[in-house]
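One structure coming up, written as structure tokens, with questions to follow.
Each chain carries a letter (A, B and C) given by its place in the written order, and its residues are counted from 1.
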Amino acid sequence: MINYWDDLQAIRRKRPLVHHLMNYVVMNDAANVTLAVGASPIMAHAREEVEELAAKADVLYINIGTLDDRWVESFILAGKAASRNNVPVLLDPVGAGATRFRTETVLRILDEVEVGVLKGNGGEMMALAGVAGMIKGVDSLGEASPEIAERLAREYGVTAVITGPRDYVSDGKRVAIVSNGTPMLQYITGSGCMVGSVIASFMAVNRDFLIASVEGLVTFEIAAEKAERKSSGPASLKVNLIDELYNMKPSDYEMARVELRG
Amino acid sequence: MINYWDDLQAIRRKRPLVHHLMNYVVMNDAANVTLAVGASPIMAHAREEVEELAAKADVLYINIGTLDDRWVESFILAGKAASRNNVPVLLDPVGAGATRFRTETVLRILDEVEVGVLKGNGGEMMALAGVAGMIKGVDSLGEASPEIAERLAREYGVTAVITGPRDYVSDGKRVAIVSNGTPMLQYITGSGCMVGSVIASFMAVNRDFLIASVEGLVTFEIAAEKAERKSSGPASLKVNLIDELYNMKPSDYEMARVELRG
Amino acid sequence: MINYWDDLQAIRRKRPLVHHLMNYVVMNDAANVTLAVGASPIMAHAREEVEELAAKADVLYINIGTLDDRWVESFILAGKAASRNNVPVLLDPVGAGATRFRTETVLRILDEVEVGVLKGNGGEMMALAGVAGMIKGVDSLGEASPEIAERLAREYGVTAVITGPRDYVSDGKRVAIVSNGTPMLQYITGSGCMVGSVIASFMAVNRDFLIASVEGLVTFEIAAEKAERKSSGPASLKVNLIDELYNMKPSDYEMARVELRG
């Protein structure tokens, strides 16, 4: 039993501060999505202040999308400050596997920061699984699957979330499969980053991160399904999606398509 | 008597150049809002060019939202160039009080730059009033009020604009209270930054900054009220708001709710 | 005969990787426009990875809009890596002529990088033509014209695209004039940058860059014309424009207004 609505109401009551180190492309959308679910976003990345902010945030969301050397320094500073203060951390390893710089940055964060949720798309997460199991080579990996999520969860001591047509979530023991959403989301840049903001908001009110991840995925994807009916393309879908997040009703969660195992 | 429409028409005739040092989150929206009221935005922050641009701009808008050490250097360079060339400056102290880095940056700009309008939300402006009157402690401050605006105006030699459900504007002698707008604006990230772009545009055509600030607030907030009637949430509100700014008519200003004192 | 539809379908089949070094203001819109025509955008600018990405991209789009010294370094690194690997380069010289820093940066890129398409508005392109022909002075230049495009094409060895009410395209031998579009596009910040993303997408499937440029201009501007009928201002126009790009049909290209000479 997942209490989607209760936890969404808890976000709206608590208005948790979600400190984003978010890529430039999606900063605006991520902030608006966070506001729409009732949380309070702050986008800040300067080394002069990230520790101070991360320490008092309710959740820290590190998204490496448009990283450079200065941002990497801030990822580490903010992440360590969060870890020292028991602030949960969500890490989005955007483009892991696409360049060495990204893969190395992700591995460094996973090594130096207490990451609660690691959320990426199939390609990114399989690249990280490949790195983790490098001695087996990459060929054996195949398609994204609940097993990859499980393996990543154990390897890195995180809750792993692999987004896609089906989303796979695992904390190393349990597995959840979420089948909501719509293919048109792929035509909105950063839709995966935005869902991260929703998951982060739920992490502020539910420390069972597997459940918080499912709540975030389901909330975002049901809003997308409702939005798509009113939309004529990806740009109107984005507008309607944020409106729908703002207007969620308890009955909307009847649309949830979730399978929980373990 | 405030000549809203005449001054809006003056913006559209003159197409003033509004040089923004704007945070990353709101750059796009601020540029679009500036265009919608008829002014010409330029977003540029490199130390190699900010002096050259600020010197020939009609207004300089410094918004510290996503500052770092390099941006701070540019705030000062651009601000001083504007001051030397009698270019009016609007300062938005985003997050003042939230971190030391922000508070110190704002105080440094207020010290080194000739700021015409200082515009922030209640929390930011009360933090700055607290710093200004530190010897009295912070507890005595209470809620934002016309008196805080008046005090900030005198303390820093600016026109102070405190945005909120009611906006308080003061130049240290006169006070204006603006009661337009809608609560849903709080769910649009950077709505306060966007109103800054509209105030800045009016500053280019009206050097009575108290009046220019009221004109900017009223124009933006009436557009928001009209937009809200057509909107089903904060994302459609933002789209409709920019469209309404573009479509302002003289009769729209009959909706203005402004109290002028002094 | 220009095969708009065939080439648009080729983009959708191939899903070319369009590496953007795009200004902060338009990053989000440019990525969404690129997705809407069926290509795959990546926004990345760190010196640690731009060479690796540009080398394997299908097209590199350098837009100098919000440049600073670090971005300039990345423009050069990415541009040279593209040149070494026969990856076509589109350069948008945003603000050329407005500051020395911009003009010098553009000239440096044109000197050190193999630029395929140089696309700017009238002011920018005339500034560059003025620099190229400095000994003749600037006064002789007059209005943007097919002749300026032709001259720039020869001077810099590029396909030159001058956007405006009429767009002028030349590769130094042929000239094309595109008369689609709507004046309201001027009220969308970065509409010129967005059209660059569409041209870049066509460059990935058609190495005749004059034709690819015309295809990009026509596709974007027809989508704008269709969008305008449904829009009540510039913000809804932007939403509808991206939706229309996503929904292009073969018959839409009957609206093309193109004159080809030479």
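As a working rule, contacts are C-beta pairs under 8 Å (C-beta built on N, C-alpha and C of every residue); 3 or more make two chains touch, one makes a residue touch a chain.
Note that the structure is a prediction, hence the values are computed from the model and not measured.
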| item | value |
| --- | --- |
| For chain A and chain B, chains touching each | C |
| Copy pair chain B, chain C: interface residue numbering same or different (half cut) | different |
| Copies chain A and chain C - rotation angle from C-alpha fit, nearest 5 degrees | 120 |
| Chain B and chain C, separation of their C-alpha mean positions in angstrom | 33 |
| Where chain B touches two or more other chains, by residue | 24, 28, 238-239 |
| Residues of chain A touching chain B in the complex | 24, 27-28, 31-32, 35-36, 41-49, 52-53, 70, 238-247 |
| Partner chain C, residues of chain A touching it in the complex | 23-26, 28-29, 65-69, 95, 98-102, 186-190, 231-236, 238-239 |
